[in-house]
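Each in structure tokens, the structures are laid out below.
Paired with subunit B in one complex and with subunit C in the other, subunit A is shared by the two complexes that follow.
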Partner chain A sequence: MEKFRNFIYLFILLMLVWLALTSSLEPQKLAAGVIISLGVSLFTSAGYLGLGLPSPGIRKIAYSILYLIVLLIEIIKANFDVAYRVLHPKMPIKPGIVVIKTKLKQDIAKVILANSITLTPGTFTLDIQGDNLLIHWIYVKGEGWEERAQIICGKFERILRIIFE
Partner chain B sequence: MHLAGLIITGIGAIFLFLGSFGIFRLPDVYNRLQAGTKCTTFGAFFTSLGVGMMEPRWFWKCLIIAVFILITNPISNHALGRASKKSGIPLCGESVVDESGKFEQDNDIK
Partner chain C sequence: MRKIFSLIILIILALGVYICISEIPFGKPGTAVGNYYIEKGIEETGAVNIVTSIVLNYRGFDTLGEVTILFLASLGLGAILATVQNKTRGVITPPSLILTTACRFLFPFILMFGAYIFLHGHLTPGGGFQGGAIIASGFLLRYLGCPQKRIRQSSFVAIESLGGIAFIIIGLLGFTAGGFFLFNFLPKGVANTLLSAGIIPLIYIAIGLKVGAEMAGIIDTLIEES
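The block that comes next holds the complex of A and B.
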């Protein structure tokens, strides 16, 4: 079942990339795209078994779109944050390296969380080991890992847990 | 549409400039990576999106480039940061906390 699901996901992804690259809906090009995507996803979908991709559902798709919107807002905030710190004459930085824990189980969810942390204001992920994330923070706030995790990735983790539960 | 593309490309270029300015001003490698990743991701995203808006035929291809940048840029950043940490580059003098020792020792932090 999981293999079939990965096959479908990979097929949809390859087809979307194909549509964007050819940017046309001619039957000939479409047919070529379908054949190539089918072949590639048949032969390579077994390689994605360990990722733990979630089963689809309307609620999960809605939360994925919400996640993207939240992420885009955070990226824009992150850039203004960096611009403020760089242009400020005194450079208000208080950097440090902190360790936080995550409750997410699947590898793919941890990767998405780590990438999101890197794109959000003031933090980036240096390393992951098991549940622990090593994070460099340009302006350290809070005490203890629970409070810090709440500040760094609270909303992302909440949405990801709904998507990957 | 052409004008909108120009404006968006301009915004991207401004943020790319701020990123390079940050690399110039901030004190150590980790803080420079902060400025580097965030501003290059956003700047390159907006620059390629603006090019796509100026040339509508290229729009979807530019969107693919932008999405790939958004996915791969943080990963290269992890690789650089992790390599600097593992090779023992120290934090700058302003740093207030360094818990990386705790991370190396045991997997059960408090």
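The block that comes next holds the complex of A and C.
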């Protein structure tokens, strides 16, 4: 059952990407997209087993869009922060590696969180081990992992938990 | 004294370069054949992408040679590496969860992007070789992310051979249609649609599958030896 679900899931995702790539609704291109998406998802949907993709729903799609907006805002904010640290004559940096815990269960959710942390300048995910995220931080703040997790990825994790609940 | 000598040599060099370059008509149409391709390309081949119309129509035979070169390279690599005696796999550090999960998630999309590139070779930049290289890069990513997963060499060799044979059969069919090798015997269709440009999309599908399978095979052989 999960195999079939993954197959449909992947097919729809591939079809959406195909529509974005061709950006046309011509019957010829649509037919080619259906054939390619079917073929690719037939051969590769086995790799999606146990990935923990969220079940679709209007609320989750809305939160996914919200997540992208929040991520974009955080990236812009962090860019200014890092630019300030670089341009400041005294270069106020205090780099270090911190370990934080995440409550997210699914692999794919952890990877999205890790990649979001890496995308925001100043923080960089080195590795994931179980529930622990190893993060290199340009200016280590806060006490204890809970407070640090709140500063680094509190917003991301809250939205991700709704999407992947 | 030395400075004067270097100055004289510099002047002689500059003069030489100037004489050579001044004869080249930069910015002006160089050859008549180039203009011909640009003006008549779409009309004669049906491919909107002029580069593709040259590579697969006017110079289709040349492309067959390039495909053969790649085939020979893959064959040579296999032949050399097959003679290596002690096949010891080095200690591989297991990839992190980020790489494993991301490559499992992205692999289908890379394959589809490769197919998109070689299917739209006559419409947009790109083509069989580029699409095939993208597909092979997907397999390379999978080797990095999930090293225990291996491709089945036999099925890839089959795809590779079928692609090569399809190219030659399409070329030979040109004779039966009353033309020459690689004669564009199919209707050219409406420009800028997927089913246009006659045999060009068919050949690019064949090349795309062939190059993709071939390069994935090369990567597999190299991984085995590492």
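The criterion applied here is as follows: the second predicted complex is superposed on the first by the 163 of 165 C-alpha atoms of A that agree within 3 Å, B and C clash if a C-alpha of one lies under 4 Å from a C-alpha of the other, contacts with A are read in each partner's own complex, and residues count from 1 in each chain.
Just so it is clear, a residue touches a chain if its C-beta (ideal position, glycine included) is under 8 Å from a C-beta of that chain, and two chains touch if they have at least 3 such contacts.
Just so it is clear, the structure is predicted and the values come from calculations on it, not from any experiment.
Because the two structures share subunit A, they can be overlaid on it, and in that overlay subunit B and subunit C fit beside each other without clashing. Using the contact criterion defined above for the overlaid structures, shared-chain residue A:145 touches subunit B, although it does not reach subunit C.
With both structures placed on the common chain, the touch criterion links A:99 to subunit B but leaves subunit C unconnected.
Of the two partner chains, neither subunit B nor subunit C is touched by A:68. In the superposed model, more residues of subunit A are touched by B than by the other of subunit B and subunit C.
Shared-chain residue A:127: touches subunit B and subunit C both.
Once the two complexes are overlaid on the shared chain, A:21 sits against subunit B and subunit C alike.
In the superposition on chain A, contact of A:110 is made with subunit C only, not with subunit B.
Looking at the shared chain after the overlay, A:10 reaches subunit C, while subunit B stays out of its contact range. Of the two partner chains, subunit C is the only one touched by A:48; subunit B is not. When the two complexes are overlaid on their common chain A, residue A:91 makes contact with subunit B while staying clear of subunit C.
Here subunit B and subunit C sit at a least CA-CA distance of 7 Å once the structures share a frame through chain A.
Overlap of the subunit B and subunit C contact sets on subunit A: residues 17, 21, 114-115, 125, 127, 129. Across the complex, subunit B meets subunit A through its residues 15, 18-19, 21-22, 25-28, 30-31, 33-35, 37-39, 41-42, 57, 59-61, 63-64, 70-71, 74-75, 77-78, 81-82, 85, 91-92, 94-100, 102-103, 107, 109-110. Residues 96-98, 101-102, 104-105, 107-109, 111-113, 115-116, 119-120, 146, 193-195 of subunit C touch subunit A in their complex.
Contact residues on subunit A toward subunit B in their complex (touch as defined above): 17, 19-21, 23, 75-76, 78-79, 81-83, 85-87, 91, 93-99, 101, 114-115, 118-119, 122, 124-127, 129-132, 134, 136, 138, 140, 145. Residues of subunit A that touch subunit C in their complex: 10, 13-14, 17-18, 21-22, 26, 28-29, 32, 36-37, 40-41, 43-45, 47-48, 51, 107-108, 110-111, 114-115, 125, 127-129.
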